[in-house]
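Going in written order, the chains are labelled A, B, C and D, and every chain counts its residues from 1.
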């Protein structure tokens, strides 16, 4: 059977990445592509690397007849997403890639995003899309909220450690380095090549980055108490990739063991031998996440690393993995592509 | 049926690219990986991006039992390649990715490469691997010589024009821009990041680049007379990609028509609408080649562009395409991956 | 004596580059910085790399009292520039870095830029700012029009050859590669890091690039007949730098000799030994231009190369060089900074 | 008066950077350039960006007559440096840029570098070259050991805080990001463009990086007790630049105040307003260091940032600043060049 897929917000990077991945999926067919600002254009005009594919012309969301659609990926900006999803049929399978449904508590949403949530009823409804930790719920869900790409990377490094009580919960610092595509195809001065290349800078520091909302929610839920991490994201002149360097207090070998055990059967999570560190370039273009642990010279301290491709495993790849689960397909279908290197 | 594949020279970039592509091929299995200098290591040690794959450990070429191998990719440096291939079983299906068997005339080989050919008998034997123009011969061959990546790109822009007699054969200038992976994983000062980034420089100028041997051989054969082109390669700070800008004298629209017709049924050659130009970044990581034609303000002159990924369509992707033909498989098997962008 | 300088359009890249250069000039002092859209801000806010300098706050152009100003650099966008310059005192020394006063014939201006010129009287007035060829006129002028950065690079490669009648005027192709800062600090999708890195693409091809107006004007004037060159610019993922690869018909050694002679006493033009080629990275951040000539294997053909930093020698450095002349200073004052490498 | 300068190890990046800086220094003249492996070549051959300068040809160290030399910069690899310096006249003014004389204790040297020190007598002799904190000693010294570039950056962020007792000495984590030129012009696979671009990776993690020897020595000396920091360097695809992100426990505003006070009169240290963060790209090519402090959402925690150009302020610029002091010149002579941006 072939499932008919619609992508809303197809003109952004996560939309284009979904098209790339679905083009190689044996049981999905792209039935509709929406991008209000580019409606009427072909995908080849918006993304010439997709030129050889036979794709539907971009339309507005209103033009789509959702009756014929099996699953919708919603790759719209946050805030827009909640407005659109509010109006979609309740029985439609939806995966939202925006930030709108990641936080379960409306107050948390308002705190981090600055506006009251416009679709609170669907917010309650959604399953958090970190596949490895919400697999069963996702398989049974009709509405899944994709995680933040930074939030996913940090959680891959930390969840098993918090769950097992292996680290000091009051002393966690996540130093994150992220490639530029995470900021989207947005016309901002800081994203210009001449501004961004040949440098590296921190942003949203001191506890102001919105993905902290996800860390707070998830880590606190696992720990059964409030957990607050330090988090410093940096923008690096690289197209794709996230690397987290996490400073924790705990036994390095126990930490490594917990990660190795937690991910032993995971198809996309690769734990490196103890003492080795991952590199974001080794996951480029793929759905894999590499995790590593190194013990510090100071006893009782470890550095945990995780690396993944923000557009794929951090966003559109995760979304497709969840879609496979929701449609009853093998979770890895269409996602086993090897990283592109160099 | 699954074909057993050996890759000789698996530790270079074209070797790693073959592994990447074959990992997604439904009817091939990597049975042996050889790299004399890294024998005993795992591929994960040499290329961590392949870490999740279950691959044979690297061995020396001598350790391989070719009896159980259906097809060999030889991704060795030139000169080494001829020595090795000389010793391989004559009935073995071989695709050589080096420069050793591209030139049919031993004198031409010696002129461009500076040493007498050590396997002249096999040189006579080989089929030139530019799939779209040697398809039938390749399908029936047991020994195929992959083209130079620059040579392939230039030929995609020019062969149909020469064939149809549409351009002045005495006035062809190919200005080529190539990404760094074409130079291989070689320890040369000029390939260091600090030396190469933030600049762009010509090399092997004035008619000294060895791929001219292929242009001379192929263009002269098509034209039925000696054809000598001007050729200026430039090295650009980009990992993958080749773009040629070809200055020709002829009618632009006729030129565009000839290219469109020649490639109408080709699965990997995409001719852009008249007046549009390709970009090397839109073919990254894929087996596609984009071709474009623009008319100059000076009547009777055109600029022809072609862009492809040097490691894929220019080398390992071409090799796999040829392997499919030699094994009686659909030519596109394992090669329809969408370019990675951004 | 210290000259008081005003920069109009100080928030663009050429404005910032002027500040960088003038900060090291022993006889100039920045008295006013205007940028209408950023008026009220400090330069440190707009360009943090200038943070340590003691600079005037940005104002609107109207706020400047030109009575106290010895020389104005006008680094505004074209079209805006002519409107502003029209209103400046006639006796003020002005160097315009925009495209507005490069073409002497109002019809040519309108042809290439699409609108009638708003300050025709000043257009007639201006001296073309290619220092090495208009030195005496510049020294005596009060109004100088900076050249296009691409136009400057091409002219450094070709002017002496045309002047001496050494090349076929009907067969000149300029293949140009330019870094991104030439496009300015403009919010265009194509200038985003994620769009621009890891690729290279042609633009304004087939005789449509506006700098052709300068080539036509200058080369025809030298030759005493109409000269039309082919010109294909390409955008490369590099911050600063232009390299031209020029295909000409003529005797390579004679060509090299003519360039060597023409630039023998020039402080900023460096002609490489015959057969060597320049690299844009070797002029980065400096006012130097490297020129090279290689003979082709086809007799009677040569490839001429020129490389410079588009923001410095191609624009703001040239402007300062001209300012030195106009103020009676040594032409090289403040401009001998060594290229930054790597 | 003009001082005659010799540079030993002129073919490395720090050697070339010294040439660049000294070329603009009004009271220094390069009298000798040594590079044993490239002796006989011109600097133009080794570094074409220096082509326009009139420089002595490269010689071996033995060929230099030190009698006519006022000051020597020793830019040799570590271990080689101690062998060479051992043989230099004792009364010669020397600035060593290698790692050989940074650690005062021979046991520390052996621990971090793995071999016994070959010039222990001179080791005792040397002054640690962190100008702002050893100014008086440097001014009176004849032998100064330049600091590690990473070590300098970390110390600029932390020394005033340790001195004033403002932070918890048992909880300091330095997450460092460094551009590639810090690794020198070395033929290592990991430094190739194709390997390094489009990624970012940690190295020498867990307390193994040799610059920790400097942190241990200096921080312990200031604190009057053993101080051990965590330190994780990362290599980023950028030519020049270091950024440290330092996680500390202490009052953010007090920390900012201490840094502001400590650097109030420093010509090259710029403390940003509270809550702002520096960017390595804003110090490129200059001798400036930008320092910033941000308070975390967790009370009593701060993140301190420092950014500088590893080749300039982190190495050759620091060396020249020290040379100025040793020669009785104004410390800033030849060092006020504005950062190159973009």
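Throughout what follows, a residue touches a chain if its C-beta (ideal position, glycine included) is under 8 Å from a C-beta of that chain, and two chains touch if they have at least 3 such contacts.
The shown structure was predicted, so the numbers you read here are calculated from the model rather than taken from an experiment.
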Longest centre-to-centre distance from chain A, chain (CA-based): C
Would you mind telling me which chain pair, A-B or B-D, is linked by more contacting C-beta pairs? A-B
Using the average of all C-alpha atoms in each chain as its centre, how far is it in Å between chain B and chain C? 39
Quick one: report the Å distance separating chain A from chain B, using the average Cα coordinate of each chain. 36
If you average the CA atoms of chain B and of chain D, how many Å lie between those two points? 45
Numbers and ranges of chain A residues touching at least 2 other chains: 13, 181, 194-195, 197-198, 237, 239-240, 278-279, 281-282, 284, 342
How about chain C: which of its residues touch chain A in the complex? 13, 180-181, 185-189, 191-198, 237, 239
Using the touch definition up top, name the residues of chain A that touch chain D in the complex. 171, 173, 175, 177, 194-195, 197-203, 205-208, 212, 228, 230, 232, 234, 236-241, 243, 245, 247, 275, 277-282, 284, 294-298, 301, 303, 305, 342
Chain A-facing residues of chain B, complex: 13, 16, 19-20, 23-24, 47-53, 181, 198, 239-240, 270, 272, 278-279, 281-286, 288, 290, 336-342
